[in-house]
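Structure below; questions to follow.
Read from first to last, the chains carry the letters A, B, C and D; within each, the first residue is number 1.
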Amino acid sequence: MNALKSIPVLVEAPATRDFCYQNTLPLLHEISHALRRLQQEQLPTTIDLNAIPFGPGDEQRLLEFLGRGEVSAHLEALGNSSVWESGYPGIWFIEHRNESGERVAFQMEITTLPAILATHPDDIAESLSSLQKALENPSLGHRIGD
Amino acid sequence: MDTNTKTLGEALRRNGVTRRGFLKFCTATASMMALPPSMVPAIAAALEQARRPSVIWLSFQECTGCTESLSRSHAPSLENLIFDHISLDYHHTLQVASGEAAEAAREAAMHANEGAYLVVVDGSIPLGNPGYSTIAGFSNLQTLEETVAGAVAVIAVGTCASFGGLPKAYPNPTGAVSVSDIVTDKPVINVPGCPPIPMVITGVLAHYLTFGTLPELDHYGRPKAFYGTSIHDRCYRRPFYDKGRFAHTFDDEGARKGWCLYKLGCKGPMTYNACATAKWNQGTSWPVESGHGCIGCAEPDFWDAGGFYNALSVPTGEISRNASYAIAAGVGVGAIAAGINQRTRNKAVRQHAEVTIEDLEKR
Amino acid sequence: MSERIVVDPITRIEGHLRIEAQMKGNRIEQAYSSGTMVRGIETILKGRDPRDAWAYAQRICGVCTLVHGIASIRAVEDALNYDIPKNAQLIRNLMIGAQYIHDHVMHFYHLHALDWVDVVSALKADPQATAELAQSLSSWPNSSPGYFADTRRRLADFVESGQLGIFANGYWGHPEYKLPPEANLMAVAHYLEALAWQREVVKLHTIFGGKNPHPNFLVGGVASPIDLNSDSAINARRLSQVQDVISRMRQFVDQVYLPDTLAIASFYKEWFKRGEGLGNFLCYGDLPATNMRDRDSFLFPPGVILDRDLSRVHEIDMHDKAQIQEYVAHSWYNYSTGKETGLHPYDGETQLDYTGPEPPFKQLQVEDPYSWIKSPRWRDKAMEVGPLSRVLLLYASGHEPTRELARFALAKLDLPIIALFSTLGRTAARTLESKLLADAMQGWFDDLVSNIKRGDTRTFNEALWDPSTWPETCQGAGFMEAPRGALGHWVVIRNGKIANYQAVVPSTWNAGPRDASGQSGAYEAALQDQHTLVDSSQPLEILRTIHSFDPCIACAVHLADEAGDELIKIQISG
Amino acid sequence: MNDAMDFLLWARGTAFDVALTIFIIGVIIRLFEILSLGRPRSLAEPKGNQLLPGMKSVISRTLPDNGTFKRQPLTVIAGYLFHIGLLISLLLFIPHIELFNATVGFGWPGLPNPIVDAATVIAITGLLAALWNRLTNPVMKLLSDKEDYLVWLLTFLPLLTGYLAYHRMIEPYPLALGLHILSIELLLILFPFTKLMHTFTLFLARWYNGAMSGFRGVQS
């Protein structure tokens, strides 16, 4: 374990954005088109990043390029999921992992708010009825799903 | 046996899966089936109604690599597949029961799900002699025909089941054939690869589970969603091919910098599979990323396609030897032709020289 | 009355195996092991480019997905006298080590465990008590009552669904299942955890070989270059992934696999008294610190142990035609020298000759040929190969860590060393060597890193890549210790093409039928060693002993050249 | 069902061997034949240098001349487009270079694929224009015989199949590649026995013409 650390690694900041594998650059163009669509026609776009033929390091470079913005959310349903807005507002990343922590989906949504974060109308209805029940008899208070 | 009582939607809800969880599940399913994210609502609607199909997995002339590959699947994982998605009622490598009890399980599943179960086959079927491969005293052909009779469809997993694979490689000592050579009255979906990418195996199962139908297939009976594009066209090293930058040997500068492996025999241009996007073992790497050219393992007869380290455009014969023979022969024949020419010419010249004014006047 | 019990298919193994047992009362008197599938890969290999051979050979088996690839490139390298760079040697060692640990853990949990673990009984377990049991055995973090309650609930849901899938028709409730419900539940939880774990650890193969199963190999080195400044090579990120895999392996072996083996074994001590059989053990040796010619640098020492005599290790030579021979007296092949004779693999010839009953059939004629597996012999003696052989050879050769580990395990179980010669001894040996290998892997990895640090990044030797540099004729033997035992590939190369190819694999040694002189193979002998069946319609005991060998039958089935070409015989130096 | 791969293997194997053999033997015979005819020894006193005018003629006749261009602009343009496009796609496409490398033992750098692709389109357009010209121009039509059309087709097919294969417009790919290779094999086989031989003889002929004029001291 120590041996690995003993490799002298000098981290150099890339002088230019290196998109040599060329799959990130077209993707960024696609994203910008999607963003325009969102702005002008209010049409959201979802891109399945698993379907993009990334070369080694491409995903890393894309994530670094887009950076992280103000919002991030954590979801616990059938394993963990993370949702975060990139440094470019309107561009979101959604990463789903299964119970063993393995990534099962990785998507980019160009939208105002990713659908998975919004509360489902049926849940609101259930929520309302159970809250009312709880108010009628506070000792029965419970959370949905238990 | 009261089997298919619960839909997947009910089962998930019973396990306390929330709507967000369900949406996530659908998203992952879409991604796994290589379907666009816009399909998620349709998948959600279909999954609500989906029931665990009975799956009978038959192994013939195989190496178990396909099953091993399935066990590497992470979305859904093999354990989720077994517990939640399908009822894997017969599978030599995984099932607990042996011998008669195992065969009884197969027969029970066939009975209870008559006309509705899926048969998965890995391995080719030897027709050279029924004794070349037997299970419980039955030849593979007998087992296949009997099991497929009541099936809704057959999924041929791996290149052996899909196209005959290694056993069928020249000179095909056991007379091995593919599933589709035998099963002609049922839909056969080919999921080739040696082994196939686990996501492709589960993706096809998921498609059937979700929609109750089979995915769209190409001319080789392969699901287009996974086999629609060549390795080469989706390869991250493709730009280097286009720019003319190649690794000339393993471990040279080009190899280290990740240049194109075409000259080292990469069969990416002729191979249709999802390795370049799905990659292997949870996106860890794939053959080209790890420095070895694609060997073309999802294509029919790739074993006989002319060597793994010869560039695709290079002819398979002994070119330089043939060419030198041809040159020698050409020179030989050419010299003779030239000799004949020379003689003709000399003769002509001679004859010409002999023409005198007198000769002409005689005419 | 004499009854013939037939178990076909033997499940939870690789390939197609049939066992027939001739009973005397409730005791197995004679056992017959039959491989029931053949493909003819050696025939297919003839005439091909030797540099391609690994890919064909590798497809002999997708479970031990690496071993035939390695044996094949070693055979070609031996024939050509081809040296490989140090990094390539270390990377190959790491890949072999990963194969072992992955294979052994999957064998234990997914193929073998359900012979000892009653899944249905696990439903009766108390999660609290299970948690206490688990915590008393190991510091593995997944051991809370809630965790086991979840597992139990999932299992209950599954059983209630009525579709038992792969668990249908198991011999549940068989009186030979002796674990308490809590131990059963813990084992079921670990069955599932091991499935997730194995997906992680095979990534080592993916990093170096591009995929698993069937990672890629290369004659002359490895295909993955090393360059710390490149994204597309083995770099610091890749190395740390490898380190992560090694750490996970060591943790799982130490905290789950080893404690579970000892815990389960402690309920089945009578299985340390039966199922050994031959008493002869063979090991080719493997895992060199330097190179394959330097046998002294091997982690696993080569040699043969006869009649359980650990005080004497006999030397083994793969090129010596008097030592290793294969017989086909009871196999569906022909020899031009006659069916009773034995042939060294260099002279190996085989013609498929099925003389068994016409399918469908009920019973094999065991006086006649009855298997697609040949019968290899060392100096005409039947041998057992595999983890038990290796551990015994390590023990006999005085390898201190092995002795210490064996002493520790035997002390825990309160058993003498002789207990290793048994069904569970074989299973325990597999666990012990996993522990040894997981630790060794860290050493190879550290060597690799320090080599890179010194500036040596070579992974491939181009010198003999071009076939025009090869001698007109040459031959070589590639050997390795596969997880299931001694594996050898023999290749004859003529004019740049394969003139002959032979593989003698671990399960051929173990699963082979009787030879010309009537000697049983290892499976057969083990089953004939004090096996009584509680219920002949549920022959759980047969499965236990057969599974303890970790059968790999696609490997075992012999596959050689149909025409039986005359070989050019040459002396191999060294 | 695996006919496509069998076809490709045959095209890359036996068929290629046969075609290459016929091509090599044929070309050598033709060259021997032509060269052995020799040149009549001129008894006249040389009035000038042969070498330079010979070379000059090779170059000048490779460049378009004004007269022809004015009379037949299409022939000239199409001809040039086609020849340049063909040479680029034939000699500077990397898989082709790999093939040469495997055949003759050496290679040379190639061009990026998009450029080669464009060159192929140009060559195909040039060939189509030439054909159109041949069919519509009365003089050309009169002059053309069956061999002209055959030669046109032999040249056109490799370009077309190559383009289709590269863009995967024929499925499956082994079939596309096999057809491409086969079309070239057809070209190779008929090459020595048709006008296609001009590939090897044109510079010879041009030099000869120029040299003759030089010998006589005439401006070529």
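In this text, contacts are C-beta pairs under 8 Å (C-beta built on N, C-alpha and C of every residue); 3 or more make two chains touch, one makes a residue touch a chain.
Computed from a predicted structure; not experimentally measured.
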{"item": "Maximum centroid distance from chain D, chain identifier (CA atoms)", "value": "C"}
{"item": "Most centrally placed chain - per-chain CA mean versus overall CA mean", "value": "B"}
{"item": "Intercentroid distance (Cα basis), chain C paired with chain B, Å", "value": "28"}
{"item": "Distance from chain B to chain A - Cα centre to Cα centre, in angstrom", "value": "33"}
{"item": "Length of the line joining the C-alpha centres of chain A and chain D, rounded to whole Å", "value": "57"}
{"item": "Centre-to-centre distance between chain D and chain C (centres being mean Cα positions), rounded to whole Å", "value": "60"}
{"item": "Touching two or more other chains - residue numbers and ranges from chain A", "value": "55-56, 100, 102"}
{"item": "Residues of chain B touching at least two other chains", "value": "74, 77, 237, 258, 282, 285, 289"}
{"item": "Junction residues of chain C, two or more chains touched", "value": "196, 199, 231-232"}
{"item": "Parts of chain B lying in touch with chain D, wherever the complex brings them together", "value": "163-164, 178, 180-181, 218-220, 230, 233, 241-244, 246, 262-263, 269-270, 272, 299-302, 304-306, 310-317, 319-320, 322-323, 325-327, 329-331, 333-335, 337-339, 341-342, 345"}
{"item": "Residue numbers on chain B that touch chain A, as the complex places them", "value": "16-21, 23-25, 27-28, 30-32, 34, 36-38, 74-75, 77, 80, 234-239, 258, 276-278, 282-283, 285, 289"}
{"item": "For the chain D and chain B complex, residues of the former touching the latter", "value": "1-2, 4-6, 8-9, 12-14, 16-17, 20-21, 23-29, 31-33, 35-38, 94-96, 98-99, 102-105, 109-114, 168, 171-174, 177"}
{"item": "Touching residues (chain side chain C, partner chain B) in the complex", "value": "6-16, 18, 36-41, 43-44, 48-49, 51-52, 55-56, 59-63, 65, 106, 110-111, 114, 119, 154, 157-158, 161-171, 192, 195-196, 198-199, 202-203, 205-214, 216, 218, 220-227, 230-233, 241, 332, 352, 354, 356-362, 458-460, 462, 465, 537-539, 543, 554, 562"}
{"item": "Chain A to chain C touching residues, read off their complex", "value": "1-4, 6-9, 55-57, 100, 102"}
